[in-house]
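Below you'll find a set of structures to go through.
Both complexes below contain subunit A, partnered by subunit B and then by subunit C.
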Partner chain A sequence: MRVPWRTTLLSYTFLAPALVLLGVFTFYPLLYGAYLGFTEYNGARFGQGLPPRWVGTANFEKLFADPLFLTSLQNSVKYLLVVPALQLAALAVAVLVNKQLPGMAIFRAGFYVPVVTSISLAAVMWEWVFNREGTLNWLLRNLGLTTPEAQFGWLNSEVWAFWAVMLVTFWRGFGYYMVLYLAGLQNIPEELEEAAVLDGASAWQRFWKITVPLMRPTILLCTLLSTIAALRVLEEVLVLTNGGPLNSTYTALMYVFSKAFQGFDFDYGLASAAGLVVAAVALALSYLNFKLFNRPEEEEA
Partner chain B sequence: MSLTAASPARAARRTVAWRRPLRTALRYVLLSLILIFALFPFIWTLAIALTDKTAGTSIYAFPQSLIPARVTLHNFADVFRTFALGKALWNSVVITTLTVAGTLLISALAAYPLARFRFPGRELIFGAILATLVLPSETTFIVNTLTLKHLGLLGTHWGVVVPTVAGAFGIFLMRQAFVSVPAALLEAARLDGAGELTILTRIMLPLTKPSLTALGIFTMVTTWNAYFWPMLVLSGAPDKAPMAVAVLKLKGQFNYDPFNIAAGAIIMMLPVLLVFLAAQRLFLRGMEGAVK
Partner chain C sequence: MKRALSILTLSLGMSALSSANAQTTVTFWTWYLSPKFDGYIKSTIAAFEKANPGIKVQWFDKQDSMVQDFISSVNLGNAPDVVNLNIDETQKAAQNGFLRAASDFTPAATLNRTFYAQSLRNFTQSGKVYAYPWYGWINEGVLLYNPELLQKAGLSRAPRTSSEMLSYAKTIKDKTGAFGWVPALKDPNTASFLGFFYAEGLPIYSADGRAVFNSARHAALLNQYVTLFRGGYIPEDAVRREAFQLATELYAQNRVAMIVGGPQALTRIKDTNPGLYAKTVVTNAPVGPANVQTGGSMGLVIPRASKNPEAAAKLAAFFTNNANQLAFAKVVPVVPTTLGAQTAVQFRVTSQDPIAKATGLVGASGRFINPGYRAPGNSDDLYKNFNDNIEAALLGRKTAQQALNDAAAYWNANMKK
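And then the complex of A and B:
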């Protein structure tokens, strides 16, 4: 079919603002960022007008010789432990609220409130919880799990800061995935559940034999989203611990950010290279997720 | 077969009969505990914000600090006086308004031809826009700050807003909405001699108000809450920082006053919370729509 030139012109006129902005602030930085990973380019020099200089894989060699980068990469991988916790909790909570009982709307909305909370506010609030004199210590003391002498600031602990930050990620995330799972659950035909009940299937059997298989697409989507989010975690770390204490919460994107903006040399080349490594890991993990959760039907038992 | 199948079913129904109230109670207990976990930080912060600090209670005097002995609104006034919170609040309003307006405008404009016209390159452009959802964006913030510096936008509100207004989410959402408008309406308008811009503003936008509202609310909430990007762009211009950045700066200040910080936190939270509660159905359904 011949397309009138006026339609084409009109279409591109309407699309122009979006295309220009996407080009300048999304596609160009993706390509130029990848290029910078292979250059020596720092902010101080940038001020003096020196262009980036091609150095091949030198940045990557530097990265893998840097103990801080290796620690941060390790921490990012360790951070993925939040994914199963988050998904299991979100699915379980979705099952709990997916019943016509009075008050369920309040629970659903309440669980979603942390999702619409700024990380800044989360940081303020949770620091009070994690404080030496904070709620968490009070709770543990009153449950008889710790003694007053054993109180410490969770975010200042080399051992616990990591888990404390992860708890905040969990807190901000479970409502989001709960809603996604809820949507999936409501797509399951009721007759299926009823038939299973009549056949004498227990709640547990129904969950594993009906709910989980039918929810596979949702589970895949949610694990994929949360895996990538966990690998890219930055804000929680930045506002709660800034990578400390003793780099115990330093994550890979924290490394990217601090190399580019927190030091004195504004090492954009090295930071971009680190970003590329994280991006590669993210792609690999997404692929793995697909392989794990998107098994073809015939493989099922 | 029928015998063996019937008896477990009857047995199951019998157990359900006495178990049901217990199960329901257990469900409520569990859900309440999770609700406390989800909302506790807010409740505590609200309690601290309402506490009269001259009474001398520590915010950590637990559980007394959960129920303020002497309620006051003094902290709210105080945080405006001592921390120039009004300025930060204004910055948040400016940045959020510009971003919401820009996102709606750009998304609607771009979505219209993608939804209603056939033209060379359409599939490619639509594909490229959707691809931005999955492309690895780890290094974009570095290059984007450099670009803003070149454009002289670093340290300005426009610098925070402009790079964020064209997004796949908005364009995709509006395209889906436009596709569903009946073609007959458009034909009729064209026969009456209406131009495409008139059709977009007089027919398409009024008919897709729910989608526009949803996009506007989503954008408002994310922009109001955003921390990292405004922090980065405005790191050299602290007087232009929105509340999400300012609140954390308050916390780092020497004369750190938890009562005022709590009041500031509540002020910042309030608009988003009100919008969320008002548009809750839309929010949760919008999310659910994402998997369907």
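And then the complex of A and C:
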């Protein structure tokens, strides 16, 4: 069927404002950033008003020869361990709170509080938890799992700082994904559940045969968002450990941030190249997510 | 014809009127001064505008994002005219071509007559002075201590030398459980441990500009701190947090006995623990064998992208003149960087109030302000590498000698001259 040109024009007229905004604020920066990745554009060139200079793949060669970048990339990939834990916990709790019980709204809202808490405030709170004299050590001591002499500041430990920061990421993201899962759960037709109950399906069977398949689009969305967020983790690392100790919490985005935005010795070229590498990893993982969670229904059968 | 003539007359008249009213607007950025010092800044701006009727000042106080905002504003063609930067940032900005030299606007003779020679040297890069030196501070200006903790540790007087300070740290911790003090081992964005080398009289650079902070003597000094740290005599948070912040926090909780610093530490203690503030004793800070102190200063710089550099320079010179620096030092215990401050009556204080005593001890010592090392080219990378190596030594991953060797090798391979 041919669409009349007037209809096409009208459609594009309505789309135009959004397309212009996308072009200016998304696609142009993206393309310009990609271009900068192949140029030398540092504080000295910028400060003297000189334009970027094309250097081909030199920035990428420099990046992969920089042990700090390799460490940061490795940490970012390791940081992805938070994704399954976060998704499983958020889905499980969403299923548990998807009930019409008194006071449930307050309970649900409580989970969302960390999402809207400012990171600086959260950092102060988690400092209290992770300090040598903090609540975590107090708890472990009272449970008889540690002694006062064996206590240490979790954020000062080369081994534990990484997991401590990851816990903060978990805490901050949990409510957000839980709300998304809750919305997904509430879209599942009640008749399906009721029919399954009449057929004698157990709760576990209903979860695996009805909830999980119907939640697949939501699971895909949340996993994708969470994967990208884990690769882009920055704020909690900056405020809690500043990448230390011994770069054990230094992430790829922190590398990009430090090269692009800290001080007058910045290097936009190198930062953009690092950003491109992170984007490539994110794309590869997103593809993997689609492969895992977006299987056609017939494959299920 | 008659109509055209009257239009011409009218437009000429209007243009004359507008040029008579023409005003230059100077944008002035300070760093972390509002809201605490709004009164002082606003009254100084008012005095400047009164003395310069053609210039209007628009003041903005920047905080965390100062440098990023500065770079963005240059990118957007909307650069400020006067910017408040510290010594290290001024050096970096000048190295990267962001600034106009102060000596482009003010004769060198005038600068030399106004400021301490060392203050001008702090802001000199490739033979040119890039800032009007503003207020400063002495890192080892004073020693303040909790007399009860010292007494409990069996110590009858304050330490007088840096090596005595190290032995006090051990005694105090062993006898009281509190830390002796919090040395600036690894402050972010600088290479603070270099200051210890300077205090010890150990060189940072050779005459030809190479990093030479890895001699056996340098390593021995670092090793003393490593031993203290690994023995639990320095708070473990000192590798992660800014020393000044950590020290003032722990001191107020009676968990640190001494703070080496300026009167600014006392203002914090006065706010958080007035009882302890009243007991606090202020005395001269211990010095190292070189008998020097380290310190820092703020300067006012003129960006290369400023659209009103002449008016900007006038404002910078006005804010940093002797009278205005002394007036600022009355509002907050800062150390003026002007020659005239040496003889200022306001620093001859005999009061026993800790802040007044500290101000009296350091107020007129602006000539000693020296960070102890100059920002190397490519300093962000080099500082990070240096701090990572210091951390590796403190956490036992490298020997002190190995850490310094690695850092010096990195500096010499990556330092932009």
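Please note the rule applied: the second predicted complex is superposed on the first by the 267 of 301 C-alpha atoms of A that agree within 3 Å, B and C clash if a C-alpha of one lies under 4 Å from a C-alpha of the other, contacts with A are read in each partner's own complex, and residues count from 1 in each chain.
The definition used in the following text is that a contact is a pair of C-beta atoms (placed from the backbone, for glycine too) under 8 Å apart; a residue touches a chain by one contact, two chains touch by 3 or more.
Owing to the predicted nature of the structure, the values given are computational and were not obtained by experimental measurement.
Visitor: Clash or fit: what happens to subunit B and subunit C when subunit A is overlaid?
Guide: With subunit A aligned, subunit B runs into subunit C, so clash.
Visitor: After the superposition on A, what does A:Leu121 contact: first (subunit B), second (subunit C), both or neither?
Guide: A:Leu121 contacts subunit B only, not subunit C.
Visitor: Once the structures are superposed on A, label A:Thr241 by its partner contacts, choosing first (subunit B), second (subunit C), both or neither.
Guide: second
Visitor: Pick one for A:Phe261: touches subunit B only (first), subunit C only (second), both, or neither.
Guide: In the superposition, A:Phe261 contacts both subunit B and subunit C.
Visitor: Looking at subunit A, does subunit C or subunit B touch more of its residues?
Guide: Counting contacted residues of subunit A, the larger count belongs to B.
Visitor: Counting only touches as set out at the top, which of subunit B and subunit C does A:Gly33 meet: first, second, both, neither?
Guide: A:Gly33: touches subunit B, not subunit C.
Visitor: Kindly classify A:Leu155 by the partners it touches after superposition: subunit B alone (first), subunit C alone (second), both, or neither?
Guide: In the superposition, A:Leu155 touches subunit C alone.
Visitor: Could you tell me which of 73-81, 109-117 or 397-405 in subunit C overlaps subunit B after superposing the two complexes on chain A?
Guide: For subunit C, the listed stretch overlapping subunit B after superposition is 73-81.
Visitor: Please identify the positions on subunit A that touch both subunit B and subunit C, taking each partner from its own complex.
Guide: 46, 131, 261
Visitor: Could you please specify the touching residues of subunit A with respect to subunit B in the complex?
Guide: Touching subunit B: residues 1, 3, 7-8, 10-12, 14-15, 17-19, 21-22, 24-30, 32-34, 36-37, 46, 93, 96-97, 99, 101, 103, 106-114, 116-129, 131, 133-135, 138, 171, 175-176, 179-180, 182-184, 186-187, 197-200, 202, 217-218, 221, 232, 234-235, 238-239, 253, 256-257, 260-261, 268, 271-272, 275-276, 278-280, 282-283, 286 of subunit A.
Visitor: Show me the residue ranges of subunit C that touch subunit A in the complex, using the header's touch definition.
Guide: Residue positions touching the partner: 67-68, 71, 74-75, 89, 92-93, 95-98, 188-189, 236-237, 239-240, 304, 377-381, 384, 388, 391-392, 395, 397, 416.
Visitor: Show which residues of subunit B lie in contact with subunit A when the two form their complex.
Guide: So the residues of subunit B in touch with subunit A come to 5, 8-9, 11-12, 24, 27-28, 30-31, 34-35, 37-42, 44-45, 48, 58-60, 62-63, 105-107, 109-110, 112-114, 117-120, 122, 125, 128-129, 132, 134-144, 146-147, 162-166, 171, 196, 221, 224-228, 232, 235, 243-245, 247-248, 251, 258, 261-262, 265, 268-269, 272-273, 276-277, 280, 283-284, 287-292.
Visitor: Within their complex, state which residues of subunit A touch subunit C.
Guide: 42-44, 46-49, 68, 131-132, 152-153, 155-156, 158, 241-242, 244-247, 258, 261-266
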